[in-house]
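Across the two complexes that follow, subunit A remains constant while its partner is subunit B and subsequently subunit C.
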Partner chain A sequence: MYDMKALYEAGSVAEAIELLQEHPQAQIIAGGSDVLVQMREGKRAGAELVSIYGLDELRGVTLEADGTIRIGSLTSFSHITKDPIIQKYINVLGEAVDMVGGPQIRNIGTIGGNTCNGVTSADSASTLFAWDAIVELTGPDGVRRISIKDFYIKAGVVDLKPAEIQTAILIPKKSYEGYQGHYIKYAMRNAMDIATTGCSVNVRLSDDKKIIEDVRIAYGVAGPIPMRAPAAEKMGNGKVVSREVIEDFSKAVLEDLHARTSWRATKEFREHLAVELAKRALTESVHLAGGEIA
Partner chain B sequence: MSVQYKLVTCTINGVERSGMVDVRASLTDMLRNDYRLTSVKKGCEVGECGACNVIIDGECFNSCIYLAVWAEGKNIRTLESLLGPNGELSDIQQAFVDETAIQCGFCSPGFIMTAVEILEAGKLYTDDELRKLLSGHLCRCTGYENILRAVKKTMYKRLGVEWTEE
Partner chain C sequence: MNVGKNITRMDAAEKAAGRTKYTDDLCDKSALIIKIKHSTIAHGRVISMDTKEAEKIPGVIKVVTCFDVPKNYFPTAGHPWSTEESHQDVCDRLLLSEHVCYYGDDVAAVVAETEIAAVQAVRAIQVEYEEYPFVLDVQEAMKPEAPCIHEKYPGNILAHTNIRNGNYQKAIKEPGLIKVEGWYDTPSVQHCHIENFICFAEEKEGKIVVTSSTQIPHIVRRIVGQALGIDWGKVRIIKPYIGGGFGNKQDALYEPLCAYLSTQVGGRLVKLDVSREETFVNNRTRHAIRSHIITYLRKDGTIVANKLEAFSNQGAYASHGHAIVAKGMGCFPQLYPCPNIEADAYTIFTNRPVAGAMRGYGIPQAMFAVESHTDDIAKAVGMEPVEFRRKNLMPVGFVDGFSKNENYYDTFNQCMNKGMEYIDYDRKKKKYANQTGNIRRGVGLAVFWYNTAVYPIALESSSCRMVLNQDGTLQLQLGETEIGQGADTAFAQMAADAIGVPFESVHMVSCQDTDVTPFGTGAYASRQTYVASFSIQKTAEAFKKRILEHAHEYTGMPVSNLNLVDGNIVRTSDNRVLMSMKELAMEALYSRNHSEHITAEETADIKSNAYSFGCTVAEVEVDIALCKAKLLNIINVHDCGRLINPALAKAQVEGGMSMGIGYALSEQLIFDEKTGRALNNNLLDYKLSTFMDHPHLEVQFAENPEPTSPFGTKALGEPPVCSVAPAIRNAVLDATGVAVNQLPLNPHNLFKRFYEEGLL
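Entry: the complex of A and B
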């Protein structure tokens, strides 16, 4: 038995919003792999819950008419990994979420929950930052769409207004067309572990595959929330692909990161990882994009 | 606050079942207490050890972090469904016995249900893939190699592929 005050199950998005308005103290539960664990730990003990787990309308990946990839917020990690649209256009996201927890966790955990809990280590978040994802939120005043960068406010806090729920994550066509990316999770174990640091890179090369037209890099656990490294991106853009450029690019990430010491790892180790992971993830992204490193 | 109940109807091991469930219950609570399916173990109860693993609509879930009310309309399978009409062991259970993949047995039902999902995929996985697929379970008697071998042997057998041990 869970120490819960009451449970309200929503049958539709509209009903979920109504329930959240009627019960302003209630917390949202999607897959529950964070909420129920925290309830067991006592952190959320005695809470009222609004369950949105039954909202099948928020499951699945679709390609919209303008080429936007729409990922319903309740889509599980394992379904994202197996999805043909994800595999075709943004395979790195499927690979990244395939590193969350273990198999059973990937069947219950949702991409919406992974982003709404606001933690920096979320395996989906750095890749979503690196692909300029848009977060769709639905509330009493209708639907609003904001960039994932603006969605994260501070550690554990996201821009979810009262009675609002996250309904989708969108990747616009201009964000993914022509890009190839790679994610590296550094953790102590291969399964059931949280990233010490995670790094997601993607790149668009020129037609002759010689020049980096655009490079994007984002980190988890290099600051209080997932973050991009704009100085490195600026440094890499427009450069001819070479070992030196990749080396300089990876060193430049430190200009933006705010790694800190925690019981998992020291600041120095995280900074070392940040540079090394940037180098490896960019090298792999260039290979995936068909480039050769001179 | 008065106790809140909900009628939950679902298919458990091939039989449609219906019952009033306390909304605070986990699926582990419901399967063990209401349906006496004690193969579903209470281990960590926070989704880390896999002892409570069951198959819901073809996919494995840790039933300890799955609300019982979410079972409405679902098809749930536990280890008990694997036995033959006279209590005969299934091939995967027999393989666990043959390969000494069991010591205390507490993790076995969870492991075996994950093995069932693996075997039903009908694919020939590599050792690395099998390790990853089995990684959501803890065995504190450290029987992982034997468990891997039991699953691998059954996988080869079901696919009719010959396996020679290195």
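Entry: the complex of A and C
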């Protein structure tokens, strides 16, 4: 039994926006794998809910004319993993969301919910950060698109204006063309877990596969929200692929991370992991991109 | 013969089809809902409580506070009662606590028409506390300046017992001895049975009737009577199928409170359904035990003297108390016999959640200490650990002076050999000897000691009833409970053979109802197959005698020339079938000349016990930089006597191994040092292992019939969990050279140890 005041089911995006305007206190619910858990914990006791779960227009992955990959916000994790467009261009995202919870959660959980929840441990988020994803938001004043970096404000808070809903996640062609990436979820068990740290790396190599033209690295659970490690990226860009460069790149991530001690892990352990995961994720990305490490 | 066959368990089809009714399925939807208000301090006293706002919430029927409940102190442990006062369990519980002893202690309860109203009311209750300092660690709790949790127990010592054999102090003076010393620490963990505790109660026919997810219905009846201060005959406990217990439900949990609250709302039906979060904190946990072992030995590996100190973290209330660490200490002089021993076991109150019974009852903790230490010793004297064990383990013919248990067979070597062969231990041990690099593999072994049931420490009896039906079949009842392990099927197999009827003729009455079920103390101590075999055998003999006496009337043959074989009355001199059981039963019941309702009911008073031994062999791969130990291969080998149902036995071992893997690698309850609150009391943050964390679980047996019991059987319920963690720990030691003496071997602890040892 959930302590719920009312549930309004939207039949379209426009109707969802209207319902949110009529019920400004209402919480948006999609798959419910976060919202219902929070309600059970008493955090949203007595809430009004606006369900967007029936909006099939927000489901599915498409390739737009300019090459942008458009992921409808209600697309479930399991659909993302199995989608041919994802598998062809940004397979790492499919792999990352395949590590969320267990099969049941991956069938009900959506990428929109995963990002709107605003938590640092979301398995999709660090990969979306690493791919410079764009978040599409639709509200009473129309559609706006912002970078995922700007979408996350602080722990648990994202840039959703009143009566706005997230309608898509976009990966522009320039973000993915020529890149290969790898995500490592570090958790305490192999299923049904949240990341102690998640690390997503992607890389574009020169035509001869010897130079790192561009490298991007993002972490979950290295700070209150998912984050990039710009110092390491800067350090790696333009370098010849080598074991030493990968080592230096990995150590440089600590310049940007703000690991802290909590009961879930100590600062020292988190920092150790951040470096080790950077090393492994970049090594694997280079391999996927056809590079060899001297 | 049915014993020894893989007969499909009798509840399988219904459970697979989802038709089996568990406690919640049986509760009428009209039930009022109980929710409990838990303390937000770890230690202190409730000064006052404001329930006005809670009572105003629509749907709230009754709010009961710690000031309202009767002051009948009662024990909760699922032990047989003792008529000797000195052996009785500690009576330290009230239905609700004014004196708060742990974070989450029960201070008030709400009865409401809906769950939502009850939850809202619990939130609306305002509690004022007087706070006291609290303590979570055993060593801290034993310090003179530590807060005293229970007045009657100064120094927070619930109990301290010891063993003194030979002369330790003198023996250690022998020149040239090697001293090996270690501290071994195990965490608080929880049972995590799939069905949380649940019960419902109402007053009916002058009794209070409680339906409960329990392992021990007859014991719960006694405790509800004690807690409410009413005649035990006025309490009726019904135990349906349950979704696991593992010892947590070998305690009276909330049955007394639920029964009491029904009496406070006019005897109406009330239901108390515990959440997973409450299960972790407000039920029972496994005792965290810290062990200190010192061994003195000669260069040839002979153990000269041994010292053990074991400190058991009892948590807030006595529950099963000292019995757990005492059992662990009890095996210490037996497993590796040594002439000079000093052993001390302490059970210490702290402000953690209450520790009670959990599968293995102190032995998983003891085996982690002893079997880790054994590898440390072997390393110190330069012996291969298995060779060290072969030299020093309990020899064949060993008899324990107290229990009179005897090691009849060469069980340890048989089990170790099978396990080592499966793992390819000797070859891998050599192969992994000189590894460098980040990924390293290792193999490890640990044995375990266990015994069966609780004789001679406490009562061991079992009662059984057999009732003949008109069709020649029978209904079978026992006080021993089916808790998911397949006990009913094993009982029916033994009964069929003992009587001489086909398995299909035995209709098990699975549900225990204390109004009608013969007395039995329930599922614990890996006792049931053993103790029930005695009462089944005894009752079957009485039952058969009555049937054959009737057969004499119909056949004219003397009873001495009659037998029951496969459901027929047979003349033993020529094996001729004289009549079927059905013919006999119809005649016996409906005869106008001599009608008789044929039944038998007997109690077996059991005065024996039996060792149950075995081992685990494990192979791990350690990724040093990631601080992860991955289990590659694992085998458990058990000697539990003759297998009644090999498939069920194997399933039992697999479940125990899974539990052992979690204990070894991932599980622990974590407490906030600042507040005493459990931080991870949910299945996301408490790292119960999953299918994805398990390799294939290999199970083998060394099947040596146990001479003391009718079907040659002995303990298997708890043993499978006992040796898993030390085997994995020893495999990690073999792989990395690093001894990790703190469970679990999760990345946090491996990071700490690898860092300390310079591997990182």
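Here is the rule we use: the second predicted complex is superposed on the first by the 294 of 294 C-alpha atoms of A that agree within 3 Å, B and C clash if a C-alpha of one lies under 4 Å from a C-alpha of the other, contacts with A are read in each partner's own complex, and residues count from 1 in each chain.
We take it that a contact is a pair of C-beta atoms (placed from the backbone, for glycine too) under 8 Å apart; a residue touches a chain by one contact, two chains touch by 3 or more.
These figures come from a predicted structure and were not determined experimentally.
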{"item": "First, second, both or neither for A:Gln21, with subunit B first and subunit C second", "value": "neither"}
{"item": "Partner chain(s) touched by A:Ser147 [first = subunit B, second = subunit C, both, neither]", "value": "neither"}
{"item": "Subunit B versus subunit C as contact partner of A:Tyr186, first or second or both or neither", "value": "second"}
{"item": "Contacts of A:His272 with subunit B and subunit C, given as first, second, both or neither", "value": "second"}
{"item": "Dominant contact partner of subunit A by residue count, subunit C or subunit B", "value": "B"}
{"item": "Subunit B versus subunit C as contact partner of A:Ser206, first or second or both or neither", "value": "neither"}
{"item": "Which superposed partner A:Trp263 touches (first subunit B, second subunit C, both, neither)", "value": "second"}
{"item": "First (subunit B), second (subunit C), both or neither touched by A:Ser33", "value": "first"}
{"item": "Touching partner for A:Met1 - first (subunit B), second (subunit C), both, neither", "value": "both"}
{"item": "Partner chain(s) touched by A:Pro103 [first = subunit B, second = subunit C, both, neither]", "value": "first"}
{"item": "Subunit C-contacting residues of subunit A that also contact subunit B", "value": "1, 3, 102, 190-192"}
{"item": "Residue ranges of subunit A touching subunit B (in the complex, touch as defined)", "value": "1-7, 9, 29, 32-33, 36-37, 40-41, 51, 53-54, 78, 101-105, 107-108, 190-192"}
{"item": "Subunit B residues within the subunit A interface of the complex", "value": "1, 4, 22-26, 29, 45-48, 50, 53, 59-62, 65-67, 69-70, 72, 114, 132-133, 135-137"}
{"item": "Parts of subunit A lying in touch with subunit C, wherever the complex brings them together", "value": "1, 3, 42, 45, 102, 186, 188-194, 196, 263-266, 268-269, 272-273, 276"}
{"item": "Subunit C residues touching subunit A - in the complex, by the definition given at the top", "value": "114-116, 119-120, 123, 625-627, 666, 670, 672, 679-680, 683-685, 687, 689-693, 746-748, 751, 755, 760"}
